[in-house]
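Please find the structures below.
Across the two complexes that follow, chain A remains constant while its partner is chain B and subsequently chain C.
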Partner chain A sequence: MAAPLTLLLILAVTIRAALYRSSLADLIAERVEVVSPLTAWKRVVEGLALLDLGVSPYAGDVFHETPLIIYLFHFLVDYAEITFMLADVITAVALYLAVKDYNKQVFRKQKYALEAERYPLDCLELIRSPKEMYYIPLKVAMFYLLNPFTILSCVAKSTCGLNNAVIALFILTTIKGNVLLSAIFLSLATYQSIYPLTLCAPALLYLTQRQYIPVNFRRFSFWWFVAQYAFMYLGSLFVMICLSFFLLGSWDYLPSVYGFILSVPDLTPNIGLFWYFFAEMFEHFRLFFLCVFQINIFFYTIPLSIKLKEHPVFLIFMQLAVISIFKSYPTVGDIALYLAFLPVWSHLHRFLRNIFLVSCVLLACSALFPVLWHLWIYAGSANSNFYYAITLLFNVAQILLVSDYFYAFLRREHHLSYGLYLKRKDGSEATLVLK
Partner chain B sequence: MAAHRCSRSALLLILCGLTLFTAADSQETTVNGGHHASAVKNPQTSTETADQTTEQPAVEERRWEATEVEEATPDDAAADKQDSPVPETVVLTSVPQPKDDFQEELVIRPLHSGDIYASFQFRTVWETDFTRGNKVSHYRLFPKSLGQVISKFSVRELHISFTQGYWRTMQWGQPFQPAPPGAELWVWFQDSVTDVDSTWKELTNVLSGIFCASLNFIDSTNTVQPSASFKPLGIGNVTDHRFLRYATLPREIVCTENLTPWKKLLPCGSKAGLAVLLKSEKLFHSSFHSQAVHIRPMCQDWECKTTSWELRQTLNVVFDLHTSAQGKREWSLFKMFSRTLTEACPLASSSKIYIDITDNPEGEQFEVSPATPLLSQASVLGDRRTFSVYDLTQQITFGTVRSLNLLIRWKSSEGDMLRPLLHGERYVAGYGLQTGEIHTLMYNYHPYRSFPVLLLDSVPWYLRLYIHTLTVTSKGKDNKPSYIHYQPSKDRVRPHLLEMLVQLPPNSVTEVTVQFERALLKWTEYTPDPNHGFYVGSSVISSLVPSIVAMDTNSTRERPLFSSFFPCKEESSYFVRVYTEPLLVNLPTPDFSMPYNVICLTCTVVAVGYGSLYNLLTRSFQIEEPNPGLAKRIANVIRKMRGVPPL
Partner chain C sequence: MTGSQEIRAPDLSLLTIQQDSQYDFLFYLNFICSQSASLIKIFLCSGMPVDWLVKTMQARGLEVFTQTFSRTLPFPDENKERYMVKGTNVYGILRAPRAPRTEALVLSAPCTQGDHNNQAVGLLLGLAQYFRNQIYWAKDIIFLINEHDLIGMQAWLEGYHHTNTTGMDWSPLQGRGGSIQAALSLELSSDVITSMDLVLEGLNGQLPNLDLANLFYAFCQKIGVLCTIQGKLQRNDWDSVSGYSHSVQTMMLMVMKQASGRPWGDHGLFLRYHIEAATIKGINSFRQYKTDTNTIGRLLEGMYRKLNNLLERLHQSYFFYLMPSLSHFVSIGYYMPAFGLLAVILLLRALDLWVQLASPPPGTEDGVVDTEQMWSPDVLSVLTPLVISHLTGVALYYLPIHFQKMALEHFPVSDTEAVVLTAIAVYTAGLALPHNTHRFVSGEGTEHGWRVLKLVAVLYLAVLLGCTALINFSLGFILALTLVPVAAFVTPHVPKVPSAFVLVILSPACTLLFSVFFFQELQEVPISFQDGWVLYLSVISQGILDHSLYGSLVYPLIALLVYPCWLLFWNILFWE
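What follows is the complex of A and B.
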């Protein structure tokens, strides 16, 4: 199993190295779909240049990375390409290992359930075989490393790749059951871009499940565990924030990084929903809609956790998707991370309703982004509405994709407990509906 | 007061007439004895003086008449009161009279392009102290509106200019007072001001009212604090730039409504003196128009024991007469301003017209009439220039027709201009609305000397500069600036400020490039007609340029006004400020007709996300039961009412 992974890594690194050497690298680094004001490499370099000039990088409104990133690249700026390739490799390997471990657990659970004869008899079709599960980790790594979105993001040196690596490590440590490392990586991810805060819920669910602590609000053991995790999480977050303070000697970075993420002052076009909406917003409604849009991301955490409390890994997938769709400065790198999980849910394919349509729309939109951008910005023959329309369509497609997987997952679970071929009372074949 | 002065000047006139040649020389000239100019001068002077002696009694009479009329006008209330024996006058006279002085001056320089450069300067100097606790309430020559501004806002130095058109340095040479297109305002505050920003805000609003200009659009997004480029021009060596504010409004349109309040600040208004020439219908029909007000404290004497406030009002205009004169290359005061001069401003201690005849020593290029015996030399902008002088305080200048209509007739169009040593240009490179690059070119035309220049760039926040892309090259080599002061912008709060000290090698072009990214703004932040583009103010290049001739460093000596604006610290160099072109940059625009649609559509997408997740979260899978038909349902309702079990 190690050999194909190694081959895959070599292939991925070769592709990236070749693209770094080509003239495309500069072009890609300017693409608004690939880099956002938060993650652009150009802005990291600018921050370093400002630091060299003796100006605080946060004195201006160009640099919005966290202080740890600036200190990382203070030493690694000459090895940036290697760093970003390494980040991608780490993400892929972490996801590979995490999914491998997760599949083992799924298989074990399935075996217990089969032995306990919990599944209805006609559900044998839905039972997953080790053979089909064998290649899933490799497919996950491949989906991440060879995804054009990831490649573009890496070639553009978008720091999104680093955030993805941190989140992947968080997933790995969580699935491995390491509470401390999970809390540390989660706080690092939160420190980088706030939104991974919502991954707290699946991590807690998963770790309690793993340690056989029932999720029961009246039980002391549950609260004790939550307190432990929260302590580790908040403690490491506190350490990171203080460390940033001592590195730069000022709190300027807080409004410049987190204020920037939350208040969306930069309306540079991207693939998300925020830019055009807030460019066209009436000034007196701005704050209201800003709150609505930001709460929207955090809003789904609790209901999703309740619904998916038995399946925290699927919950992680859902949360990552929601974040990457509704975050304020999304890039294709964020999408690549949750797309990497799709092979894990390959057993849901028979229940997907409109995967063909959605994938066509996603592909068409990805092709249309640069075309309409060119027409608007360079040719002047289109206006901003064209690009905006594509972002809308792209996001609708993403929403449909995610909700389709969610639907398929819930339906499979329903079939696993009620049987695959359901009959009505009068014995005719029944159709399942949501009610 | 005025009566005294007039009698004195009349006496002087008589003296003038009596002492034939000597009068002219002692008054004005530094003409070299054995110079070729004297050959031209001598015959003319003799004829003039002959006229003068014959006219003498008549002149005297006229002057007296004129002053009496002047006294009767309410313009000069103080003088009026002094003459009438009213009790208040005693009080007034017991108060020490403010020592103030008003001078006016017009410099005309024929340019080689065939254009005419006319530069008006009006200077009021007042020995008073606005900053002291007691209020200055008695104003004579100094405009009260500006005096109140100085004392209320604790202004130490104020420089404001309104300019329409761009000064073409390479065709016209250096101007006497450089100014960027649009409005420019820079103010040094006293170090007693605690909240400089709010004082600045109030000051701009007040000035906006005084000058009928859009100076109230000056806010934190276009105000900078240059660290080195704008030093105080008056006395005082406080260089803490916390008290300095600099702002430009490159989009400002200058027109009549700005000229009228500017003229009202003059002691004589536009009623008498050189200001009668300032007619807006002619002034704004020109290639370049720039009016300015400079207020600064200055030394009265060599030891600087007493300080006084100087108000300098300048107006520079370039007429494109070559095209408007139907092929004839000649111009006159009447042609330019549609007025002729009949008198000096009675309140002015000196009132002169200078015509630059440096390039015309033999009269082979153009011919000036009426000819004048007075010549003057001055070191200005690193060059020794010769001027014909017309002294308007002397009746003789106006001749028998009692009006002065200067006329210049070109004889040949050859000759070349002394090329300015320092020149700047700027443009935006790149295509598309995403990124771009600002190129600033600085030319040093000095054949063998290199000199340092200070470049100041203030770029609005919506062009996000990337300072790591800054390159400075001259002669194909990297030219590292020895000093860089960079203040990055804050969105919607403050602009970028980039200042650097660059050494310009001799006879070279130095190119400064920096890349920027264009921001998409909120739809309410765009100016009307957003596709016209956004203006970026001129870069300012300030430098001490090596001078060919020795500059006059004595600031207290009596000199023509045009040569005494920038103080000169050393003889070997002179100060020059060059403004580059303002930039017009296009930004990407949203569709302004779409706010409702965008809000609806985006909210719909969010609602699709919310709806589909809500659906899956709150509902559960159930087997679909066949829907009973409508008839059956109605029947069941009826059966239920009847109390019969349903079908």
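What follows is the complex of A and C.
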């Protein structure tokens, strides 16, 4: 499998390099769907210029990325294109290895369950074979690298690519079972943008199950493990924050980065839900709605963890999707990361109900974004309502996609426990409804 | 005495009358217009009289600036006979006496060779003189005389707004007037006018706000000037069949003009910068009731006083409309559902194909249906036609201009003909492709394969037509009318030869050919087939030129997106 993967990497790098050299690179770097005030390359360059002048890069409300990024690019600004292509390659390879390992575990678990005869006899067609699972890691890498969203994000030199690389490395180290590295990468991801904090729950669930520690609140071993993980996580986070302080010599990056993400002062239109709401909000209610919107992202962790505690990797997928949809400044690069996981759940295809509608709406909305932006900003014939309508439709389609996969996953699990052809007590055929 | 123009104007002294003389406006305007018109008639044989214009405008108390620009067209323009264009724009700013310099209005007259527009420049100068004496101006007024019509206007607008989207070379503007609220462009070719024609269609089918058109029409009616649209007079008999067909003809003319994507007057380039603009053409059609330049002057003065009173940019009325006559319009709420119904055909066909694909095939040997395995070879067999069609589209976009020289070496044609004939050759060569792509793809699971390709093609066409209709409704509607029926019904199982014929007849190139003849019919100037073919070739060359000169989107849209989509359907028809 190394040869097709190498071929894929070469193809991906070629496409990105060709686009870097063309005149489209500047055009793409300005699109609001691809870059946000947090991730724009223009702002990184501004921050670097301020740093060279000796002024704090956070002066003037231009730069909102973390100090480690600015120091990384202080040394690498001439090789910026290579850095972003390398980040995409690292993400793809990390996802490839992670999914390969995950598939092995799934297959092993399935084998044990088959030997223990835990599956009813009529759902044998739901059992997955190694043959069908053989190409899934390659498809995951392909879905990430050749996704137009990823390519646009890379060509625009949006720092979202670096965030995705860190999250992918976190997923890889978690699935491999390396507790220390998982904690370190998770703290790095949280340090970059606060929202990956919610990925703590699936990481803990996965690592405890891998180490055969039962997830039971009354057992000491569980809490001991949680304490170890929390210590490693908080420790590395503390180290990174202090390192940033010593690099720049002041604490003013905290309000500029985390205050900016949480309080959403910049209302530039993007593909998220915040900007329109907060543009027309009365000041009196702003704090209330801000809290509601931000809690919304963290809120789904607990119910989803309870429901999906046997399936932490699916929980990671759901959490990533929730973060990408509801975060304060989403871009298409965030969406590309969770879309890359879809081949892993390709066996759920027969239970998906809305996939046609969802893909049509996502395709149409992606095409309509630049059209309605042009009509609003340049032609002046439309206004912000049109653009927000497309944004809403896009997000609704994403939510429908994620909930459809959730339904399909749970339905398959249900069939594996209770059989494929469900019958009511009197023997007539029953249908399954998600309540 | 400096400059050759002054030597040729013995009575120039009459034009340097001081401002404080008490001359009646009507007499003065008439005098100025006739004098300057006759002078400009002499001068225009040898290009624009820049120095004379600068001096005259300065004498009227305007702040005068010039801008030079130059541009080499990708290939010679045979309609206007230009290739390497160099010119100068002259503009004078009348500063508002008591207002801050934040807003401006523009009155422009293109200065072309010959006596096509000589009266307009004269009228413009007379108006400048009159406006200078008034105290009620709240916005600066910029009197612009641009050379080489659209190219000069593009250079001026790019210089004014500090953008450079078309790669033109221009000198920076020394003087500005604030953000432009509205603009009018004048085209008068004789001093006796019988009607004023309003031209609204701009670049990429963009239209000014309907308020501007209504404003002009209402004011014309008040003054008593005959006003037309698309060169056709209004009729009062709406209920009769002939009256109805007259309005339909007028509306179809507007649809055709909007679909072409080219600016039909100098105003067309202002719209892109969110400036409401219209072109006013004076027509002399030998009627009995004639209007003289004075009335036109009063008309324009009234228009500018109305625009002067604007507190905000015109945005309250519709931006998307079609006008069957000057007092009737069809808004987007009426015409968009027609397009929506056409798009629904495509979506229903896509849904039908999806259901056919998702339901398992009727005769499988074992109970286990391996759906995933059937998808992967089909993705590859769908990808190949997609890639090849788009590569052909890219070839259609790049080859005509870049291989112009090679075509000139091998064939005895002129530059423009080389470009246009290369485009037609690439277009026709694309038709030969389906018979070759099947040699590369082994095509197992063929029944499945063409359905997947058709699903992708139908969805692609629906999204493409939707986006086009939002930006340029007429173009989207015409493409939808010709492409949707074919797209919905084409399968490999229909009879090949008649459907291939129908598919070629309804392809974008033939639609353009029929549109050319239809347009000439609508304008009541029907032409023969040979003339029509020559006109068709010139339309293609104009389309390519418009794209490189002003950024018109019609040619790249058709070459890079619509033509590959059409090729996919051609591919499906010949799927084996």
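Details
The criterion applied here is as follows: the second predicted complex is superposed on the first by the 433 of 435 C-alpha atoms of A that agree within 3 Å, B and C clash if a C-alpha of one lies under 4 Å from a C-alpha of the other, contacts with A are read in each partner's own complex, and residues count from 1 in each chain.
Basically, contacts are C-beta pairs under 8 Å (C-beta built on N, C-alpha and C of every residue); 3 or more make two chains touch, one makes a residue touch a chain.
Here the structure is a predicted model, which means the values were calculated and not measured.
When the two complexes are overlaid on their common chain A, residue A:F143 makes contact with neither chain B nor chain C. The partner that reaches more residues of chain A, of the two candidates chain B and chain C, is B.
In the superposition on chain A, A:F314 makes contact with neither chain B nor chain C.
In the superposition on chain A, contact is made by A:F326 with chain B only, not with chain C.
When the shared chain is aligned, chain B comes close enough to touch A:L50, but chain C does not.
Judged by the touch definition given at the top, the superposed model places A:W345 against neither chain B nor chain C. Once the two complexes are overlaid on the shared chain, A:Y20 sits clear of chain B and of chain C alike. Within the superposed three-chain model, A:V371 lies in touch with chain C and out of touch with chain B [touch as defined at top].
Residue overlap on chain A between the chain B contacts of one complex and the chain C contacts of the other covers 378.
Partner chain A is touched in their complex by these residues of chain C: 206, 271-272, 274, 313, 315, 319-320, 347, 350-351, 354, 367-368, 370-373, 376, 459, 462-464, 466-467, 470-471. Within the complex formed with chain A, the residues of chain B that make contact are 431-435, 461, 464, 466-468, 484, 486-492, 496, 517, 519-524, 588-591, 594-595, 598-599, 601-602, 605-606, 608-610, 612-613, 615-625. Contact residues of chain A toward chain B in the complex are 30, 32, 42, 45-46, 48-50, 53, 55, 59-62, 265-269, 273, 275-283, 289, 293, 296, 300, 303-304, 307, 322, 325-326, 376-378, 383-385, 388, 392, 395-396, 399-400, 403, 406-407, 410-411, 414, 418, 422, 424, 430-435. Here chain A touches chain C in the complex through residues 125, 132, 135, 346-347, 349-350, 356, 360, 363-364, 367-368, 371-372, 374-375, 378-381, going by the rule given at the top.
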